[in-house]
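The two complexes that follow have subunit A in common; it is paired with subunit B in the first and with subunit C in the second.
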Partner chain A sequence: MMRLLLSNRIWLPLGLAILLAYPLVQRSQYYQHVMIMTMMAAVLSSSWNIIGGYAGYTSLGHAAFFGLGGYLVALAHNHFDWHPFISTWFLAVIVMTVALILGWISLRTHGSAFVVVTIAMVFIFRLVALNLSSITNGARGLTQPRPGWGDVQWSPDFIKVPFHYMMLVLLCLTIFASWRIRQSKFGLGLIAIREDEGKAEAVGINTMLYKVLAFGFSAYFMGVAGGIYSYFFTYIDPQFIFDVFTGVTMVLIAILGGRGTLWGPVLGAFIMEPLGNWVIGTFGGTQIHLAVFGGILLVVMLFMPQGILPTISNVVKQREKARVANAVSQ
Partner chain B sequence: MLEVNQISKAFGGIRAVDGCSLGVERGSITGLIGPNGSGKTTLFNMITGFYQPDGGSILFNDQPIHHLLPSQICHRGIGRTFQITRLFWKMTVLENMIVPVRHTGWRTLFSQGVKKHEEERAMELLELVGLTNFRDEEAGKLSFGQQKLVEFAAILMSDPELILLDEPAGGINPVMIEKIMEMVDALNHQGKTFLVVEHNMRLVMELCQHIIVLDHGQKIAEGKPAAIQNDPLVLEAYLGSTEHVGA
Partner chain C sequence: MLGQAVLPALTQRQSLLFCQRSFGIVTLPSTHLLIQTVILGMLVGGVYALMSSGLTLIFGVMRVINVAHGAFLILGAYCTYWLFQIAGLDPLISIALTAPVLFLLGWLVQRYVLSRLDNPERSSVLITFALAITMEGLMGTFWKTTLRSVKPEYASQVIEFATYRFPVTRLIGFSAAILVLLMLYIILQRTNLGRAIRATIQDRNAAQLVGVNVQAVSAMTFGIGIATAAAGGSLLSMIYSFNASSQTDWITRILSVIVLGGMGSLPGALVAALILGMMEQLTAVVVTLYWSPIVFYLFLFLTLIFRPQGLMGEITREKA
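This part shows the complex of A and B:
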């Protein structure tokens, strides 16, 4: 019974069915919005998890790739009239390429030095976006046409629906990629790097290649999400999209749910994002949701240092073991 | 098989290895001994690519390897253990065995992490060291001696020609030492070559066919165990611990 509670055979179809039906059943614009942002948080956190969770390299700078995706899509939309829903998948390849190069440089550092380098990365991207005003329009940011398809603009009560399904597709792809990586030789190598990088290199793993690839993959989904996001809001500016806090949030969500696990980041996002919105909705648009976030994280770290999901699955395993032992002794 | 020519490495002002040359014959068990700080581990780290030598060259099967990454050297067929056992602590014993499996190409990189035939091979080797029951146990939960055995067995997964053992008998009980000696001997008969750093003189003298002695980063003697035991230079280098030699 307990084992069933953790089984993907139940949660996967159930979750997918709920998310597929959600915008059809839930007609409130507000709740549709919250769900889109929740799925986006899950995408960001899951793709961060590929380098940050599996390989153990805590990047606080992934907002750089999120923002770059957003800018590329907005520019392509405005200048070439490429529809963001299509272009974002291709333009994210550019984001990935940039990440491969930056990863090749930054992944020479380890531990806290790496964290600092990645934070610097976000600031560099922001400075470039602010100062390259001939392309990025500087601090005034970029505006895109209102969302629609062809000549048809989507009506206000429908407008969130396409974004919901776009984000759902991206979420499924991200989770699939994360699962596929975790199951593969590549994923096994990443975990080995997290455990002992020198030893991994000694037993024949080209650690630099593995890390750079993981960095690139994780940036790809970041870039796609950034593209969808910039179209969703139809407006982006450097302060807003190259935000260190975005990078910190996705890390905290992953830690909360269970860093380095497949479903931990998703679980964390589906707890924190709705809760944060509820707090803002109830107590007003101050920064109080950050305090709540911090409080929850503190409690979770105190009582479940590995995060929610690993703690639950450990408890289930322990009980199962005890049950088997009981059955044997009787 | 392995040729080290005039190799040097300095850390600041300390010349850890100083113009050292030595060779390892194919099919041999070669012992590398010397007092603490004589440069044995530094030499190991240069052979396996962890340190770049300041000068000199290292040839493996007549190919220079001193400019390669540790992972590339591993792929060439040199495996090593560490003085202080290193495993992937949070991974299971089986996973620890699978990580070193040699694979090349992009398609295998994204193929199934643990394959059936790899698992079978891993179980065979775990059988050899008597740890099959621990396959799903976290490596960090094993006893110190068991961890050493897992590290040793995992090295064999990549099927190296030359195996470097850094103090295989350090800190484990005599029964376990005996077991490791038997395994090394058996593998040697199957054609594996060994280079062993060890302070346990009984093990070195019994196991090795050829012994190289280092002191202050230089080779001071080389030869058969019996000759080394009576070499005055060696005795001098070991002053204070001479009673162990030949014990």
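This part shows the complex of A and C:
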């Protein structure tokens, strides 16, 4: 029974069905918005998990790629009239290329130094976006036309629905990619790097190549999500989109759910994001939500350092063991 | 000679008056301005050195990277601001009050939070980050988001020496930084606690074997590190304006300093802070004020390509 409850055979179709039906059943704009943001958090956290969870390199700077995707899409939309829903998939390749170059530099450092370098990365992107005002419009940010297709603007009641399905497609693709990587030799190599980089290298893994590729893959989905996000809000500015806090949020979500597991980041997102919205809704936009957020994370990391999913699966394994032991002794 | 109230640092407009030639966005400054800029950069660098000394010390002893250091700096700054507003206490004197409080806070954090971690090297970044945003949220709720700064009478004064200008607050900041660093040096080199700290830096297990109480040393070090943040915060409150969310900006700067200098190396932090301070000021004059912070991070990036371990760091096989 327990095993069945934990298997993907139930959860996967059920979850997908709920998410497919959600905007049709839930007509409240607010809850539709929350769901889109939740799925986006799951995308960000899952793609971060490829480098941060599998390879164990804690990057706090992935907001840089998120923001870059957002800017590229907004610029392409304004200058060439490329529709963001299509262009974001291609423009994210540029984001990935940038990430490969930056990864090649930053992944020379390890552990804490790497964390610092990735934080610096966000600040570099933010400052460039602020200062290249001829392209990025500086601190005033970029505005896009209201969402629509061709000449038709989507009506306000319906406006969130296309974004919901777009984000759902991205979420499925991200999870699928994450799953394929986890299953592949490449994924095993990344886990080997996490466990002991020196030994991984000694057994013939090209650790640098693996790490840089993982960095690039995770940046790709970040870029796509950033593109959709910038169109969703139709407005972006450097302070807002290149925010270290965005980078930290995705990491903390992954840790809450279970870092390095396939479903952990998704679970974490579906807990943290609605909770965060509730806190902001209840206490207002003051900084108290930061304190609540930080407090929760402190508690989780102190008392459940592995995250929710690994803790549950440990409990299940223990029980299974006890049951088998019981059966044997009888 | 004390000049009257003039702007503490050269403004963009003033600096242009000193310039000789300009090429596009790059402006070649006159020799006089160049020297003036280097002086300012050194003064700024000294303050950076003070702010990052505690961070690098903590990392050296317990391999914990304290991301909450920026938040502690801002807490120190707010305490200074508070004492100044309520009691009219001079920011420099208030260090004597804020340092012990922050010491105690740091001691408690190490004793009751960080010491519980199994693998501090891996999880400390995130847990201290959580601590940082908790503190930011609390400070933001308590002190609101208005930008504050402490302005004692001497805040806007400038000492002129051989035609070069020395803003008083920065001069004080620099001297205080040197003083605190000197005190740190004496503690580390001349006292028993210092010897225990250095032993722990060199080899944790061996230190424990010869009878060093590593837990107690760690808590003391963390306390001392946070106490230097009190001094740093008090200087910050005079030179810059701040609110709770400035902590992210500051932690990034001082983290860059210690990564550049080599994690855990005090002399490295000093050298890196001076270099970065000067780079920042030079860019402000040669290019524009707005690009100056970027050079800071770019320089860090470029250095890491050639020296991943930082300027004075040792190559250790650290687990990622």
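Going forward, the second predicted complex is superposed on the first by the 330 of 330 C-alpha atoms of A that agree within 3 Å, B and C clash if a C-alpha of one lies under 4 Å from a C-alpha of the other, contacts with A are read in each partner's own complex, and residues count from 1 in each chain.
By our rule, a residue touches a chain if its C-beta (ideal position, glycine included) is under 8 Å from a C-beta of that chain, and two chains touch if they have at least 3 such contacts.
Since we're looking at a predicted model, the values are computed, not measured.
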Following superposition onto subunit A, is the placement of subunit B relative to subunit C best described as a clash or a fit? fit
Which of the two, subunit B or subunit C, is in touch with more residues of subunit A? C
Just checking: does A:I280 make contact with subunit B only, subunit C only, both, or neither of them? Give me first, second, both or neither. neither
Looking at the overlay, does A:G56 come into contact with subunit B only (first), subunit C only (second), both, or neither? second
For subunit A as apex, the angle formed with subunit B and subunit C - C-alpha centres, to the nearest 10 degrees: 80
Touched partner set for A:G187, first subunit B, second subunit C, both or neither: first
With the two structures laid over each other on chain A, which partner does A:M304 touch: subunit B (first), subunit C (second), both, or neither? neither
Given the touch rule stated above, what does A:A200 touch, subunit B (first), subunit C (second), both, or neither? first
With both complexes overlaid on chain A, does A:I124 touch subunit B (first), subunit C (second), both or neither? second
Which of the two partners, first being subunit B and second being subunit C, lies in contact with A:S112: first, second, both, or neither? second
Would you check which partner chain A:I288 touches, where first means subunit B only, second means subunit C only, and both and neither mean what they say? second
By how many Å are the closest C-alpha atoms of subunit B and subunit C apart after the superposition? 11
If I apply the document's touch criterion, which positions on subunit A are contacted by subunit B in one structure and by subunit C in the other? 196, 198
How about subunit B: which of its residues touch subunit A in the complex? 48, 50, 69-72, 74-75, 79-80, 82, 86-91, 95, 98-103, 108-114, 154-155, 158
In the complex, subunit A touches subunit B at residues 180-181, 183-189, 191-192, 195-196, 198-207
Can you list the subunit A residues touching subunit C in their complex? 55-58, 60, 105-106, 108-117, 119-121, 123-124, 127-128, 130-131, 193-194, 196-198, 244-245, 248, 251-252, 255, 286-295, 297-298, 301-302, 305
Contact footprint of subunit A on subunit C as seen in their complex: 59, 63, 65, 113, 116-118, 121-127, 129-141, 145, 244-245, 248, 251-252, 255-256, 258-259, 263, 290-291, 293-294, 297-298, 300-301, 304-305, 308, 310, 317-320
